[in-house]
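Which chain is which? They are A, B, C and D, in the order written, and residues in each are numbered from 1.
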Amino acid sequence: MAKEKVVLAYSGGLDTSVSIKWIQEKYGYDVIALGLNVGEGKDLEAIKQKALDVGAIKAITIDAKELLAEEYIIPALKANALYEGKYPISSALSRPLIAKLLVEIAEQEGAVAVAHGCTGKGNDQVRFEVSIQALNPNLKVVAPVREWGMTRDEEIAYAEANGIPIPVDLDNPFSIDANIWGRACEAGVLENPWNEAPEAAFDWTNPIHLTPDEAEYVEITFDKGVPVALNGEYLPLVELIETLNEKGGLHGVGRIDHIENRLVGIKSREVYENPAALILINAHKELEFLTLTREVLQFKSTIDQQFAKLIYDGLWYSPLKAALDAFVDETQKSVTGVVKVKLHKGSHVVVARKSDISLYNEELATYTQGDAFDHNAAVGFIKLWGLSTKVYSEIHNKDKQEDNHEQTVGRPVHEGNK
Amino acid sequence: MAKEKVVLAYSGGLDTSVSIKWIQEKYGYDVIALGLNVGEGKDLEAIKQKALDVGAIKAITIDAKELLAEEYIIPALKANALYEGKYPISSALSRPLIAKLLVEIAEQEGAVAVAHGCTGKGNDQVRFEVSIQALNPNLKVVAPVREWGMTRDEEIAYAEANGIPIPVDLDNPFSIDANIWGRACEAGVLENPWNEAPEAAFDWTNPIHLTPDEAEYVEITFDKGVPVALNGEYLPLVELIETLNEKGGLHGVGRIDHIENRLVGIKSREVYENPAALILINAHKELEFLTLTREVLQFKSTIDQQFAKLIYDGLWYSPLKAALDAFVDETQKSVTGVVKVKLHKGSHVVVARKSDISLYNEELATYTQGDAFDHNAAVGFIKLWGLSTKVYSEIHNKDKQEDNHEQTVGRPVHEGNK
Amino acid sequence: MAKEKVVLAYSGGLDTSVSIKWIQEKYGYDVIALGLNVGEGKDLEAIKQKALDVGAIKAITIDAKELLAEEYIIPALKANALYEGKYPISSALSRPLIAKLLVEIAEQEGAVAVAHGCTGKGNDQVRFEVSIQALNPNLKVVAPVREWGMTRDEEIAYAEANGIPIPVDLDNPFSIDANIWGRACEAGVLENPWNEAPEAAFDWTNPIHLTPDEAEYVEITFDKGVPVALNGEYLPLVELIETLNEKGGLHGVGRIDHIENRLVGIKSREVYENPAALILINAHKELEFLTLTREVLQFKSTIDQQFAKLIYDGLWYSPLKAALDAFVDETQKSVTGVVKVKLHKGSHVVVARKSDISLYNEELATYTQGDAFDHNAAVGFIKLWGLSTKVYSEIHNKDKQEDNHEQTVGRPVHEGNK
Amino acid sequence: MAKEKVVLAYSGGLDTSVSIKWIQEKYGYDVIALGLNVGEGKDLEAIKQKALDVGAIKAITIDAKELLAEEYIIPALKANALYEGKYPISSALSRPLIAKLLVEIAEQEGAVAVAHGCTGKGNDQVRFEVSIQALNPNLKVVAPVREWGMTRDEEIAYAEANGIPIPVDLDNPFSIDANIWGRACEAGVLENPWNEAPEAAFDWTNPIHLTPDEAEYVEITFDKGVPVALNGEYLPLVELIETLNEKGGLHGVGRIDHIENRLVGIKSREVYENPAALILINAHKELEFLTLTREVLQFKSTIDQQFAKLIYDGLWYSPLKAALDAFVDETQKSVTGVVKVKLHKGSHVVVARKSDISLYNEELATYTQGDAFDHNAAVGFIKLWGLSTKVYSEIHNKDKQEDNHEQTVGRPVHEGNK
């Protein structure tokens, strides 16, 4: 009788290679390995071969960079998604994509389960499993690394005993995850937040002392919130992002050092490199300042924070995501224009911006003769704007004035009389 | 019979010098000039003399830097106050202080009115007048520059006709405001948002190509949210801020280029320099990431935004300000520790942080053998965390799965069979 | 030469009748009167004739109830719009509709201005004028009642002098506004908030002692957030609302007594009657509790509050309105089902609800043998849910425990030993 | 050697009586029973005796009503705490109190563990365990009912086998929890949300047809947000609450029927009776409308929602609770005054309110001759208030006007020409 099948998200590393064997032994499933390229620079052919060598009955590989960019990164960019104001949720964006592909392949292959290589203390297990539950609640989920309870040494021994090749970079002190939206690095000396992150923790970005002395300007064109061109040249989205990763990395742009609140209740120290993500989010925000009204901008910041938190917390396939998208997409109809960014010595600064539908009105803003603003209107405005505070003060007056006097009485006052 | 008196916020510039005469003529008041130093580097003695020369019956000067720092900047720093996420509300913080001193002097001197030199299209008129209304609703407010309707040329002619000295820097193309928390620059070529701000718009900060090649590290010690020491040396607050302005300026740190939404309904292009403010807010936030719980951090960001908007909008002396302060102060009991900042080529990055009451728990966070985190707990957590989404998916399943398939069907999938 | 034309929102009352003459005299415009029925029960033919009698060169009448219901009330109902949690923004919803019709007629008729009869201290002037500005910024706005500065007696004298009929109900102590979404009543004895509103302030609803002793049940069917049927019978929207106004009014449902914060900075005492609005909003909310996920529900309450405030504040034709609508409409895809409401003695209570896409899952909720909930999952969930608080407590332990002991030490404890 | 000890929250019911024996058998602990009265009307002496009879080595009873009222209910009332806008978190408030007493007794008695009788699918287990972890992370928590996995029949058999008396009301179809802030009822026929709650589900409140025909007025005096007197008579807090429970119950006030989102991810149908809680929260809110500024009121509603959610979710002993309290307490300094409530046929309506520090200003609000409001100020206010929307419309004009015309073109317009 045919064995039941599981589809495993396979990276080619030690954990998921050992998982192929371990799942076979523990669960008796046939393992189908799914290898993906989301921009971390993997050799998919080598991964496929390795999976089969280790014991997978089938290996499927997909280049998912375009899918990641168009369907996961773009909604996040439109929402200026930065978790806790700092982290562009790069790893968090690839998880729902991988979960979806696992489910689709499992359905195509008639598998009863899917498997991932996450540990029990990270966010990614949550993102995978909540996504899988949402997409196909009938699929079982196997999490070998969380389940097996082996130490690193035991895992290596298991691999050797089962003919699984040990990667040469096993002594890398850091734990890395990467896709075209960014690279995450944790563990090792980073676990002490008083240690400055060493250069070895970084891979995509130059340290400032190795960056060019000359600044580089990049003009980014957005169409309804989507970046479509660099320096006037229209580019496919993946290429546009990769180009900004290179340019940003060259100039040392994109490093983040964060004490982050994980969904599972702990703080962790993370070091990220997100050149393209930070440049694009910043440029996008600046274009929004030009083309959205004050009311939209200020309320959208609440929406944006909720979006980042929701995705960080693993709820991509939830109806709140769809509703937030609807709000954001409506606003993005006006986010069209060009932003000029200066890359220099680790910084990326928007120095100029323009749009055919800019709401900046030079006639209203100018201090020259061309001023079209009605200065008298301010008198009535101020009166009503402050009325509620004034009424409050009149009622609570006596105490307040005493308090006030207390504060500054006795400070040195130098007077001069005519 | 004695004339009624007005207290005028006097800067020594052309507008407020002309105001002295104009108020006398138009309103018949005796003018008492109030000259303040909030860190813009004024010569108070010269200002006092100039006021008397131009016709004030009395001139009072106050060095208000300490007052500004302790009672206005500190609450803003505790609330990480950045209007629209960018502007440290530096000018906005000095307005309620100046309003309060105007009111106090007016009460001491028996004046019936106070006066300020704001135009009718800015935020500052709102901040002054709402504050004055709140502090003493019986005082009249005179706003000569908003009222007189003179062009620049007419104003100069008026000054010459009345023996008012014309400042030598009158052809400065920019409009400037400064205090120890920052410097604001607007108008001139900045009025076109597609113009990059020229070097002439900056005064406190070096351009990157003139900054030192060596990075400088600064350790900032906070006690309950208040910065108290630099590199281990305890400093008075004003000195600490001024030192960071110098160090930051040297390394090109603190420039902001913003298309800002004014309260009066227009967008304006502002260029700011806030070295100390940006360094301190960033360092303060990073210490909060270490010492506040996730729940406090994430909710406090809503409070912080509200604080910045409230003060930007002129409502310092409103009861909402007091209530926001109460929230913030309660949280700041835990914000004690040391933050290490690296200043280099225009960037200021927190590279390390420590605290005796850090909530970062290395035993929970570590990937080493010392791991104290319960990995099995995650299984139950994920189940309940995603339950609401799962139930939703089960009910809305059919449509959803069809949608999903639509999205990725037909994408290239490369398979390899064993 | 032909005179310029103004389109006046004409109610047939004294203020707008006097306005016809006053505008002619003051501005020299020809006046086109626009009479609307939004459900307040006006005789449009009589209004048309009165306008022409008083001096309008043309009178146009429109029955706008359907338009009001479909394009203004429905978005508000989907957003459960209650300003400050109490007021269903009924008057606020008709203003943007009237503004739009004024603008459209003005454009059709080639008028240069539009006019409304609002005073200078209410919200409606803001709603009219911001809407008109947004729809056609070239139109001038005339507000005769705000401009003319006549007392009531002077206005009556003016009317008599100009042959304008004085309404018989002029001594009505209250100021009333009504449309199918509700009736507002203010002024007179209501101006003292310590006065209980007299029965004379109410017109649509019975006092409780005159309501039927028998409760009445109404089943309301919603389709994607829109009420479509009562007791299983599909009804046009206007008829459905009017039926609920009658049924609710009969049972004394729909009275609101509110100290409200007006946009113009003052508090006012308002008495409303909104039977249909309150019944429908409550029923709609209850159906949302059944069919929306926790995450959507809890975030949507923020959206709902923002919607109510935005419309109350006059910003219907702003892009934020469109973005909020987009969010809400996405969520309403799931708001389909039936709600059973019990009307009795002033109260309207949802006693039952059902939906084919209900997210209430009896198998998960039940305490019977059929329980499908995984009780063990809770153990892990609680561990991680409380982890952040636990870590905080461990760090801040000593002080905290002392505080705790302080609180309850010394309270009587009765013990019994075996 | 002495056995280790556990302190069990003991209600006298079947579950916790069985727990005494089960814990002894399973864990080998000596059980100390803690019986509390939080207002559910228990006979503490009988409970003490029963605990000892069943096998507890010691039984301690505490009347904790006053503690509950003063330290848990008051902060909730100041924050108008209604979870999801409906539920006054009455059960949720007693859990942190009980947890605290369990911990204190455990510390006094030298116990190593505490125990509670919650199942694995409710909120209360979370509230207990997170609170216990926060107060004393060294204590173990035992949850026998969650752990033992017995069906109801097995539990009864176990009780009979162990000489544990079976309560006479064991066939009560509902699950009940009560304290002075309210009574919760769930399970049985309520598990189908399309069933109207039967009268048997209610105990504290009359059905409307049994309530008095005459309305009753109650004047509630608040001092800084705390209710201190009824009809002018100062009362201890517990007595005040109990009186309002009686009066409200008599008039049928306080029933709630809710489909609630539990923290553990499911929806449950709950029926509550909270006469005093609903009356006091409503009265308190109305006094806030009178005495707080618009800005405070509108922001406080965000704080209030967060408070209710936080406590519902079990985080009473978290630092966010303390910070929310600080905000709320600052605002409550102004919440002093008298509110008149009319109780009648199931409804409780605030019909009048007054305060020495009321911000309602009749001179500003009046439509009589005494009007002190500056009507001209509105003109300038409206201009700037709508400026952002106007600029947007001018830029996006063409499309917008076309859209607008589309909407209403073709609708019937009845014209009359002079």
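Convention: a residue touches a chain if its C-beta (ideal position, glycine included) is under 8 Å from a C-beta of that chain, and two chains touch if they have at least 3 such contacts.
All of these numbers come straight from a predicted model, not from anything done at the bench.
Chemist: Just going by residue numbers, which of A-C, A-B or B-C has an interface where over half the contact pairs are the same as at A-D?
Modeler: Overlap exceeds half of the contact pairs only for B-C.
Chemist: Tell me which has more C-beta contacts between its two chains, B-D or C-D.
Modeler: C-D
Chemist: In angstrom, rounded to a whole number, how far apart do the mean CA points of chain B and chain C lie?
Modeler: 38
Chemist: Rounded to the nearest whole Å, what is the centre-to-centre distance of chain C and chain D, using the mean of the C-alpha atoms as each centre?
Modeler: Each chain's C-alpha centroid was found; their separation is 28 Å.
Chemist: Go ahead and note the Å separation of the Cα centroids belonging to chain B and chain D.
Modeler: Roughly 40 Å separates the two chain centres.
Chemist: For chain B, write out the residues touching at least two other chains, lowest number first.
Modeler: 261, 264-266, 293-295, 302, 315, 318-319, 334, 358-359, 361, 364, 374, 376-379, 381, 384-389, 391-392, 396, in rising order.
Chemist: Which positions of chain D touch chain B when the two form their complex?
Modeler: Chain D reaches chain B through residues 261, 264-266, 292-293, 295-296, 299-300, 302-303, 306, 310, 315, 318-320, 322-331, 334, 384-388, 391.
Chemist: Touching chain D in the complex: which residues of chain A?
Modeler: 293-295, 334, 357-359, 361, 364, 374, 376-381, 383-385, 387-389, 391-392, 395-396
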